[in-house]
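Going by the order they are written in, the chains are A, B, C and D; count residues from 1 in each one.
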């Protein structure tokens, strides 16, 4: 499961650190104590930044790094599609052999295919993705609130 | 376990029926619903009568009949000795092969040796004996009370 | 020896099935073949289940959840796989509604305790009522008596008709607006009666009461569909359905399991613990404190596979044919009186009876001497004995491996009992 | 590969012992020999136990108590025989003080619930206090938190010293006249600490509080004498002592078991039942509702026989020697920090540690790839992790079949982990 790509992201994480954002969430994986604080910043429907800080195992840390690399700059719709594919891969119990299309979508994240064989670790890999989803919901909810407030 | 002696006592019980007594007890074997009402009558320290009424399996019924036959007319000390031997036999899990001395003490009651192999039935065999012990304690307790009252 | 059973239809190929059950080859009392008619007390386990148990301990044994090593992953997959199997077996809408307990008794106590500690609208307290029936197993009586004593709730029950059925004539007086929970047995272990669920559930729903069904004698013998039952909780036990001892099931509706408080506290059932307070894992784990009966659950999963491989419909048909035959043959025995429905309609394969005034203990013992294993006593349903004014019954109960020849052996055995004590 | 362990004394003949444990031959990850160092989570079962389980189901399986047929008598004799064995194993004054549960968690919940429903002088209510410690397993925390929430009793606890021992400096302030129950672990499953019983028991007796000891990590590893402990209750679990899953034990003092109310209601635990009220059987049956884990208890009896055949004193000596060696070897690993006593004195054979800032999940996973099974996480003792400011630990835990070579494999494995993430 420890593909070089994963170890690389673990040792040299992308976009780590907390920067300005529209929403912040804190997620914990209670079974192993992995923790992440994650902020999203939107520029309209474009993801301007995903910044994060956390502690945890290599899988959860590398996954956050991959997420940052993959999603920043993308349109929300596209990001959601990517997340769905990643989720599908992680829940495949090692039964999906990523094809070219999947590799194109997930880029470095295909390296997590091996992790999906380890149920105890799938949660680690998904921690940052769940945090991102949650933060996005908050940010967009707030945007809408803000929008309402502004137009009011 | 169903020795002829046991079946005989079951079909033709000795001394069945409730007669006058110094004390009466009612005992139940909750696991199978065997019941007995038993009275003892003492003539000083001599057992004048053990009368009883009850419902239950052949073992519990035959055992009451044997008890009546064996104990009525005996001195209390002797009766207690007999009960101890019977108890020992019943708790032997089929491991005691009654010898002549035991046979002399227990008479027909040695026929219950086979029952001791069946833990579920030992309680049936002991029901009337426990009732007798209890009734005797009551009767003698009362006697003593009576004695105290008389001398007071 | 009578051979009256030729031409019975709907029977299983018991010759093949019996080969799966090592214990059925056992001889007792110097060479007498075992005739095992005590299936309502506990069933036997096929080789297929025993092999799974042994393989678990020889290859995969580890504590479940949280492990990152191979054995822990395997044990967890097997344990949770058993949950999937059980969920499918009872047609549960979600696998997370299947809670593993140690037996049906724990399952029923779990329901009673959840309701005692629950918040409104579920809370059972001194202003509310609990409804059971007079034909319940002690395991579906005592937990409610305890709850009633501890909360002040009133315990009420449905009585029985003379022919061994629930008396529902006063349905609306027994289940009222005050009723919080109605708990009843689907198939009685002593009378064999298969109870009508719909009428009771409809009335319970009318007044907003929860419904708990004790399916201990149903799950082993017929297709069980918790959605069709429309109950809120369904309890049953592994050792009566070809599974190992020490494993039971409580199925509960997801929303309820989410809302209701935990019962036992400990490892596995928590989300996070500090000295001051804890939060709980989602169901089913919330209700599974401590290391679960891992091998037991996996064995139950194997038992479910085995039963499915035969087919629950077919098992039900087999037992129905056998019960019909047994009722008919038993009624031929002089002085024999069936306690419970004297028919095979709406009844399970447990038949209780008295034999003149020969005490059931004696009946059972003399049958045992002939190799025939039946149960005698009050079958943990003493109120039924009180209701019919008898101290005890003899009970013969059948399963998928039971044969008409065993019914014949029983009938012949009873003749012998009569002669012996006659 | 290092061979530093020559000359260790007090070790068992593990070559012979390991032949009894089929799973120890298992190879994982393409031919790597299993190095099983997760014994504090669950132990493995020897052939001798597995054979007894299979033989039970193939020859004697029946429901216990009340049966008059041969199988029922045999099953009952085996089940009650297991109780005799366990009673002797812990030097219980009476066999009737041994209650079979499904696991240690149920045993501890049983105590908490008995005290919650008890009459005076045992009753825990809002004017009383419960005392535990900061090193308890969640199974000895959550039941008391629940009891505290439900009764209003105050929950207090002993803290920990920096070197992983109980801080008893405030013994008299923590245990006071208001204390009704003190419940603590004999040997910690995360720190390995073996706690001093006498001081705590003496203070508890002084104020008239009951004492409950969680011996889950002691019973498997050393002679256990409930009389010498002078506790009122002692809980442990079968699956950690070579027994099957799904069986636990609660030992309790006879007078208490007589006085305290039942917990779960159902079959087997009653004396007589009517719809209006029930009376209960004497202990231990009063506390064993429903069909017990029959095979589990019998398997535990076989495990006790097995442990006795090796000798608990010898097992303790073996583990002590191994622990001493392991502590010494582990301290050679750079960046490794033991969480718990850094000595083999007054400690069990479970050793928790951190390895630099490599997350325990990664440590465990990379060890697993080498065939080495350890546990990672908070080990159901999260307050200990909070206390020492760490998210989790890696834990290696030994048993009678563990060898110095396995310690060496662990140390080599940890070197590999360091290089891998270095």
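Rule of thumb we're sticking to: contacts are C-beta pairs under 8 Å (C-beta built on N, C-alpha and C of every residue); 3 or more make two chains touch, one makes a residue touch a chain.
None of the values given here were measured: they were computed from a predicted structure.
Undergrad: Which chain has its C-alpha centroid farthest away from the centroid of chain C?
TA: It is A whose centre lies farthest from that of chain C.
Undergrad: Nearest whole angstrom, what separates the Cα centre of chain A from the Cα centre of chain C?
TA: One centre to the other, that is 47 Å.
Undergrad: Quick one: chain A and chain D, Cα centre-to-centre, how many Å?
TA: 40
Undergrad: How many angstrom lie between the centres of chain C and chain D, each centre taken as the mean Cα position?
TA: Computed value for the inter-centroid distance: 31 Å.
Undergrad: Which residues of chain C are in contact with two or more other chains?
TA: Each of 66-68, 72, 272, 361, 365, 376-377 in chain C touches at least two other chains.
Undergrad: Where does chain B touch two or more other chains at once, residue-wise?
TA: Expected reply: 31-32, 118, 120-121.
Undergrad: Which of line, ring, star, complete and other names the graph you get from chains that touch?
TA: other
Undergrad: Every touching chain pair, please?
TA: Listed by label, chains in contact pair as A-C, A-D, B-C, B-D, C-D.
Undergrad: Provide the residue numbers of chain A that touch chain C in the complex, in ascending order.
TA: Going through chain A, the ones touching chain C are 28, 30-32, 118-121.
Undergrad: Can you tell me which positions in chain C touch chain D when the two form their complex?
TA: Within the complex, chain C touches chain D at residues 22-23, 26, 28-29, 34, 36, 38, 41-42, 44-45, 50, 53-54, 57-63, 66-72, 102-106, 108-109, 117, 134, 137-139, 141-143, 145-146, 150, 155, 157, 237, 239, 244-248, 262, 264-270, 272-275, 277-278, 289-296, 361, 364-365, 367-368, 372-377, 380, 382-383, 386.
Undergrad: Under the stated contact criterion, what part of chain D meets chain B in this complex?
TA: Contact set of chain D toward chain B: 65-68, 72-73, 76-77, 271-272.
Undergrad: Which residues of chain B touch chain C once you look at their complex with the stated criterion?
TA: Residues in contact with chain C: 1-2, 7, 10, 31-35, 55-59, 118, 120-121, 124.
Undergrad: Give every residue of chain C touching chain B within the complex, in rising order.
TA: 359-362, 365-366, 376-378, 385, 391-392, 420-421
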